[in-house]
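Here come two complexes built around chain A, the first alongside chain B, the second alongside chain C.
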Partner chain A sequence: MAFFLSLAALIPLDNPGHYIHWHFLDLSVANLIVVILMVCTFIAALLLPFPGRSRRKENR
Partner chain B sequence: MSISEIDRQWTTRIRRRVEGKLPPEKLLPDTQPVYVSSWIYVFGVATLSALGIVIATGCILAIRGPQWWHGSPYGHFINSLHLWSVEIFFFTMVVHLWGKFAMAAWRGGRALTWMTGVVTFLASIATAFTGYVSQTNFDSQWISTQAKDGINATGAGSIFNVLNTGQMLMWHIVLLPLAAVVLTALHVILVRIKGVVPPFEEVTE
Partner chain C sequence: MSKKPFRPDVDAPEWKGGYGPYDIIKEGAIAVLVILVITMLLAVVFGSPDEKQITVKNWSNADPIDFATTALSELNGTSTSAQYGAPYNTASSGQAIGPLSLAKWAGVRIPINAASDFVISPLKSLPDKPVLRTDLKMWASASTSTRNGWLESYTKASSNMKFVNGQVVVNATSAGPVPTIIEDLTQMARSGALDQALVTGNGFYTTDFTKPLLFLADSGYMANLADAQHLTGDQWGMMNETGSYPGQAWLWLYTFWYQIPPFNSSGNGDALVWALMMVMSALLLFLPFIPGLRSIPRKLKLYRLVWREHYQDTK
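Entry: the complex of A and B
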């Protein structure tokens, strides 16, 4: 329990969230991080080789 | 009963139609085409898995109630599992959507599959929104009061009152999950009937 409390203390959650303003866009930093992670996951899914793919192609 | 009478029965006709459209080997196939061996194809089933966790944890929360999920360590744990499985559900669903959009997954007579996916996405957003306003804490108070004007502006405020906790909870645990699950089942059945969309190069070969 103490471990999780000290882990939670690393990120201050009692303060107001940070926002990025760009023209009409108003985006929280937390949501921006999630969007960046989704884009990274999408690119990784396209580029990373799938286990066993070459073997399946040979058996085709 | 004669054979022609049996043939005319609605049960017989439906069974034959289902058997023709979705034979058992298509419903639960042994293999998939080689192009499915890509990470981009795993996000649909990842979304389904997250939905399973969302429903399971939601059922536990429904059994025990708000006092339990706010006031006990095990309740906090299940509540957090419910939240984080929803986060993973939307995360994987959006990557799935991007992947399918990039492959133009509506090709080959799959327009209905694409549209059921889109409507499922919208139903899921509504389900998540009613979940956020049903938390019974200051966060749900804040979200519901902020959303009230927005919903009123759509004209739906008189029948869909986000300040009515009971109504929002009913939408969240009965109507919208039912819609999301039925639409998801329909989406998966259509994927089984039509098959997974092939990449562009597979079609032009």
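Entry: the complex of A and C
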């Protein structure tokens, strides 16, 4: 149990958040990181080749 | 027999190529496993939000004047809860969209009488308080105009309210039992007894926190805490989380409308934003049936990028 407790929250995020203000936009840095990761995942899903491509070509 | 013309938005061309095996169960199982491992790793590395509970006891000890002022607003009927309307009371018509009185139609489903539920009834549960007992009887037997007179005198004097030696001090004259009521409720709150009194009486399990939450929501204390954590409506609070944790980023569109007119200045903002989002959700849901909109994916040709291998082979 003590082992797991020592593992808990290696990087605690309970400290006050940072926010980006631009006109009426008020976005937390944490949310911005998540949005960037989601956009990157979307672009990767579009551009990365499907797995098993070479195997399919061999089967033809 | 005439052949129907091919409709590119509705009809799918017949596949004349070969077929290959595809194990969707295997792929789904791998996806679930990967997500499980990532979730556990993130939980170990970052933990999760662990804010301390906000109670009436914490509030009244941290800011007794704000508590006493809020208690007075419950008693004189000027608090947000007291004037909210449905589902708590009939003090106002509530949220509406033009002639559609949505809140009024839903009706009073969680009856709350702010003065009685937040102030008078909890005080009745206090034992060994003869002066309070007498003052509560005086309050109960007084006419509405007499009560209003007491409340008016106390409310006027409360602008100079102080908290001295653990007691609420207001130099009010002709305020009847109001000073005792506010003082004793403040002491009850500071001891923690009010937290319990506000959740009891709802069955065996006391899990209904509607009353303490409404009482807290009427305070300046709660508003300041929410403001400091960027959780209020005008701070895009719907998509934020406490501390430095990421929040509900997918609610960006819902909370966006609250930042711009007419939604941010309308008394019916919640109903208007809800209706707009329902219309937009319906557009998304029925996209395949909406001419023009349903042609966008076909004309955008993004699918050619995803299936580029296939389109290269068919050249």
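The definition used in the following text is that the second predicted complex is superposed on the first by the 40 of 60 C-alpha atoms of A that agree within 3 Å, B and C clash if a C-alpha of one lies under 4 Å from a C-alpha of the other, contacts with A are read in each partner's own complex, and residues count from 1 in each chain.
The definition used in the following text is that a residue touches a chain if its C-beta (ideal position, glycine included) is under 8 Å from a C-beta of that chain, and two chains touch if they have at least 3 such contacts.
Note that the coordinates shown come from a computational prediction; the quantities given were computed from them, not determined experimentally.
Colleague: Classify the contacts of A:50 with the two partner chains as first (chain B alone), second (chain C alone), both, or neither.
Modeller: both
Colleague: Where does A:27 make contact in the superposed view: on chain B (first), on chain C (second), on both, or on neither?
Modeller: A:27: touches chain C, not chain B.
Colleague: Give one of first, second, both or neither to describe whether A:42 is in contact with chain B, with chain C, with both, or with none.
Modeller: first
Colleague: Looking at chain A, does chain C or chain B touch more of its residues?
Modeller: If we count touched residues of chain A for both partners, the winner is C.
Colleague: Following superposition on chain A, which residues of chain A contact chain B and also contact chain C?
Modeller: The answer is residues 34, 38, 45-46, 50, 53, 56 of chain A.
Colleague: Once bound in the complex, which stretches of chain B touch chain A?
Modeller: Interface residues on the chain B side: 34, 37-40, 42-43, 87, 91, 94-95, 98-99.
Colleague: Using the touch rule from the top, collect the residues of chain C that touch chain A in their complex.
Modeller: 20, 44-47, 49-51, 228-230, 235-236, 239-247, 249, 259-260, 302, 305-306, 309
Colleague: Could you please specify the touching residues of chain A with respect to chain B in the complex?
Modeller: That would be residues 34, 37-38, 41-42, 44-46, 48, 50, 52-53, 56-57, 60 of chain A.
Colleague: For the complex, which residues does chain A have touching chain C?
Modeller: Spelled out, the residues of chain A in touch with chain C are 7-19, 24-31, 33-35, 38, 45-47, 49-50, 53, 56, 59.
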